[in-house]
Amino acid sequence: MKAIVSIIMGSTSDLPVMEEAAKILNDFMIPFEINALSAHRTPDEVEKFAKSAYSKGIRVIIAGAGMAAHLPGVIAAQTHVPVIGVPIKVSLEGMDSILSILQMPPGIPVATVGVNAARNAGILAVQILAAGDETLNRKILGFKGTLKNKIIQANKELANIKYPYKTN
Amino acid sequence: MKAIVSIIMGSTSDLPVMEEAAKILNDFMIPFEINALSAHRTPDEVEKFAKSAYSKGIRVIIAGAGMAAHLPGVIAAQTHVPVIGVPIKVSLEGMDSILSILQMPPGIPVATVGVNAARNAGILAVQILAAGDETLNRKILGFKGTLKNKIIQANKELANIKYPYKTN
Amino acid sequence: MKAIVSIIMGSTSDLPVMEEAAKILNDFMIPFEINALSAHRTPDEVEKFAKSAYSKGIRVIIAGAGMAAHLPGVIAAQTHVPVIGVPIKVSLEGMDSILSILQMPPGIPVATVGVNAARNAGILAVQILAAGDETLNRKILGFKGTLKNKIIQANKELANIKYPYKTN
Amino acid sequence: MKAIVSIIMGSTSDLPVMEEAAKILNDFMIPFEINALSAHRTPDEVEKFAKSAYSKGIRVIIAGAGMAAHLPGVIAAQTHVPVIGVPIKVSLEGMDSILSILQMPPGIPVATVGVNAARNAGILAVQILAAGDETLNRKILGFKGTLKNKIIQANKELANIKYPYKTN
Amino acid sequence: MKAIVSIIMGSTSDLPVMEEAAKILNDFMIPFEINALSAHRTPDEVEKFAKSAYSKGIRVIIAGAGMAAHLPGVIAAQTHVPVIGVPIKVSLEGMDSILSILQMPPGIPVATVGVNAARNAGILAVQILAAGDETLNRKILGFKGTLKNKIIQANKELANIKYPYKTN
Amino acid sequence: MKAIVSIIMGSTSDLPVMEEAAKILNDFMIPFEINALSAHRTPDEVEKFAKSAYSKGIRVIIAGAGMAAHLPGVIAAQTHVPVIGVPIKVSLEGMDSILSILQMPPGIPVATVGVNAARNAGILAVQILAAGDETLNRKILGFKGTLKNKIIQANKELANIKYPYKTN
Amino acid sequence: MKAIVSIIMGSTSDLPVMEEAAKILNDFMIPFEINALSAHRTPDEVEKFAKSAYSKGIRVIIAGAGMAAHLPGVIAAQTHVPVIGVPIKVSLEGMDSILSILQMPPGIPVATVGVNAARNAGILAVQILAAGDETLNRKILGFKGTLKNKIIQANKELANIKYPYKTN
Amino acid sequence: MKAIVSIIMGSTSDLPVMEEAAKILNDFMIPFEINALSAHRTPDEVEKFAKSAYSKGIRVIIAGAGMAAHLPGVIAAQTHVPVIGVPIKVSLEGMDSILSILQMPPGIPVATVGVNAARNAGILAVQILAAGDETLNRKILGFKGTLKNKIIQANKELANIKYPYKTN
């Protein structure tokens, strides 16, 4: 089994956030790897990883980072595999990581998701991989159904709230 | 008894905030319904709800949502019943939901209230319904009196604070 | 002909923005008045206006203001007629007026629209008045159709853009 | 003993912040009063207070408020007694109250201090009153000395921190 | 020739920004279509588009919008084709559109790029499509080379700047 | 004639903003001086000025500065004469100067006015000086009347706007 | 042993943040001193310190401050020893101290590091001192190696996470 | 003549800002080089530059970048030569580049100066180099004198402004 998606984080302190991406990939039975790499502390390893990612079989990279979050952009600069960036909230409500990941210069896009939204990063990775993969397509459509079911469930809970002037 | 106001929220996690609107409507004896709908997870149900709201007798909609809060605007796009939007604070101090609800494009207004201000949304709904309803008019004027009474009460508490150079 | 909607602004420098509300009301043939009042410079006149608005026949108030924009909130404090607040951009990208109008304390809501969105304020006023007025209902539905037509027109323009790999 | 300074707050929930102003005035033996008034809930009382403040002997007003904080500006609009505004942090890190108090329109200034800085508001009131009052002048100069003493004390504490390469 | 990428914008006023995406796709010889759709003005057309996109052959959607920018999220809610969101600067320096597109709720990701960064959206679309397409892979690698050449060219220009103490 | 108010600015580039304060003081016939001083470039002169201000007869200081605006706070640290701070917009919409002036530490208040609001700083200085000066009191009350007259004038202009459904 | 680096803070409440700088200097065996000084409460001491710092042998100054953080800039104005500024988070997520330290006017730079980043301030001081000091050079290169080791350690921890579809 | 300072920018569009640093270095007769390098477009060249900078004789690096400004941090990660970061304003008032440069993770500081403050970056470089270089020390002290002279000149201009109640 060879990894198709690579999840990268700067340190294990990012794991509670980033593990949500791993769970989604696992649920969709997509082989993935998880590694710690730092744009600032291990630039050579980042370079090696980014340059070999495509030939190793990686088709989507998910990179999470906080503060002046350079990791997603620095990886994106050295590979043409699509990079999904997850801004992690460490300081300033996460606004520093949002802007450091999102506002990439012309030529080097990073597909940014919301603050701490590693789960959404995982789903986006599945959507990217689903093109031309009928099994994944069916699974992702099923997944959307479960989202809807949560709303149906929520409505049942709301039905239990009683007020004299509540009509439903 | 048919609902005149519809309270919509994206999930039951919004209930502690949104229930404040329900309490106000109940206090004013205005029939209302509460439902969970999601602009993103149940777009068809949102559409069905919005398009039939007026003919079902709904005259004001109160919609609360957090983060990239699309629900109030998406409902407003599909009905001419006035929509009151309640930005719910989930991340970024609620600034994301404020701007996602407030900054609607020309043609599709949402009547936005403050962050987590579901109680004010309920009062605004009453004010909208009070036009031409003498009973509601009298009630809302009485309600304003109670606001004033709280200040009078506050003054009594402040009178109990003692300093040598405090003169009242 | 007696005014049903009152448009209030702090000075004539706000007129280029606020006139958009007037145009909408005129298009919908809703009688309206326009006045200049200032929460800070003419507080007595604001009070007199707000307290007599309902009995004079006003059913919606549209108030625009910039900077520390107190006018909509101060009017809302003295009437139960719904007040639509229009934050006008003068400084700080308009963020000061947004927050000064939106973040009203419990009990005194202002129905806030986007920065400089006086046109949307006018449409919201029409939507509020349309409850129970079949003629207005039909008109506002027709108006929504024209919004759609602009998109259809936009699509025609886009069809004229030619690229070798553009397929439509 | 007649009050020279008036401390105003919107509700008793602001008391823990605003009491710092009272303590300073008391320490300087300046007669003061404390009242609860709301720009939105008791506009008539605010007007009455503001219009009679000067003739009653009030020479400085300290007004604290949170969110869309209109109280200081609304008072300043109805008196020429200088108004010191204290933005109270309730939501959005207090940025809404800062801007609602600070960004007053031409003609109606409010002397704004920092978020929750009621103690500084009290000191500013003393400084304003000290003009031409030799006793207050001496006291305020003595007070500045105590600020300096805190730093001297802090230095003693820092002297106790020991590191091999720390030289003092 | 059937479109693989669909570029969507809310109105033709967004065209000067969004055309950059079209140019990139054309340069890479990827068939694409351009349409105007509005989350608020043509919700039915948005739904029809989103639900049929995959079966029509669309594999990436690029959606640009300004202000309370709901279009990318509303499309993403109704298809599993990856949606790239382009925040367009209309007001508030574009911060409203950034947050309205980026901060999507769990389950419905939008791959957000920087403010007005339609060119980067086009490149990201190419990167997504390049997985398993050797021709595109070679092209995108060549494209990265041209980015590098611009820097080399920039260095030549900088070499022409003369100062006595400049050494290169 | 000895100056009672001192206007300080960091450089002559601030003059177009700060001259509004001078005009107000001149209109109220209050003797004033204008000087350029910099917290950073002439710290010794700032110290000399601040320490001698009271004994020279200065009763209010108006200090304007942009960016990391330290001038008002540094002066306030070295005198007990009240300091009015004017944040001047140079960068970041003026938010840097607002926060650098407003958020002073405990013990050293600066009476901050809005961005570029030197005119309001002048009026605040007059209000501070008016305590116990009957002539100034009468003048400042007259000045408030002129503010009101502008609104009356504005109303006349608004009366000239004609729409079929405008009622006034 | 004479101090080469001087760590300055406004009060002992800043010590938990600023001590991180002391630890780094101690680890690198660089003699340093720690003092409390306040731009506002002890301006004379700040002046004396700044003006004598170079002749006393100080080659780098690290100054931390919160809110309207003037200390680093005021020191920088009175010495040509490089000043590293540490914005300390007290209010507004630390944005007030960032801007008060960073946005210095032309001629008086402060080398600003991130919010509460006293440890980075210490490392920057070491880097500045390392120029021409072979021992420090070797030590700082060794220090970079330990940063890398943390990542290697993090990877080992990540290797222990087990999912069926995790490949490493 | 070998360069001691290296000025780096991402593209020649940054030259009008960054040239201010060159002018300062030239005025102080400090040999310097200017190059274009991009963290994203030429990561290998950035690495080569950073790793060889110290041994080539570079003692200070000045790096300017806009938007998601990774260049200063990426260089700082690969050398122990101090890096001065200049946030360049391209979008969002420059707040994206400020945060991307300032908020570096523990271990990798960047000495950040204000938005577009390349001149201050040059001066900071001189201050860093002046340690132990008596000639530079004398020059930088002379430079501070010229800053003071500008204020003296400004005062002469202000003396020319005439008002009846201006006393100087």
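The letters A, B, C, D, E, F, G and H name the chains in turn, as written, and every chain counts its residues from 1.
As a working rule, contacts are C-beta pairs under 8 Å (C-beta built on N, C-alpha and C of every residue); 3 or more make two chains touch, one makes a residue touch a chain.
For clarity, every value in this text was computed on a predicted model and none was experimentally measured.
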item	value
Touching both chain B and chain E (chains)	A, C
Separation of chain D from chain E, taking each centre as the mean of its C-alpha atoms, in whole Å	51
Whole-Å separation of chain centres (CA-atom averages), chain C against chain H	48
For chain A paired with chain G, centre-to-centre distance based on mean C-alpha positions, whole Å	34
Contacts with 2+ other chains: residues of chain G	10, 38, 40-41, 67-68, 91-93, 95, 102-104, 107-108, 114-115, 144, 147
Touch relationships between chains, expressed as pairs	A-B, A-E, A-G, A-H, B-C, B-D, B-E, C-D, C-E, C-F, D-F, D-G, E-H, F-G, F-H, G-H
Chain C residues within the chain D interface of the complex	10, 38-41, 43-44, 47, 66-68, 70, 73-74, 76-78, 91-92, 95-96, 99-105, 107-108
List of chain A residues in touch with chain G within their complex	1-3, 9-12, 15, 19, 22-23, 25-26, 29-38, 40-42, 45, 67-68, 91-93
Chain A to chain E touching residues, read off their complex	54, 59, 80-82, 84, 98, 102-104, 106-115, 117, 119-121, 123-124, 127-132, 137, 140-141, 143-144, 147
Residues of chain B touching chain D in the complex	89, 93-95, 114-116, 144, 147-148, 150-151, 154-155, 157-158, 161, 163-168
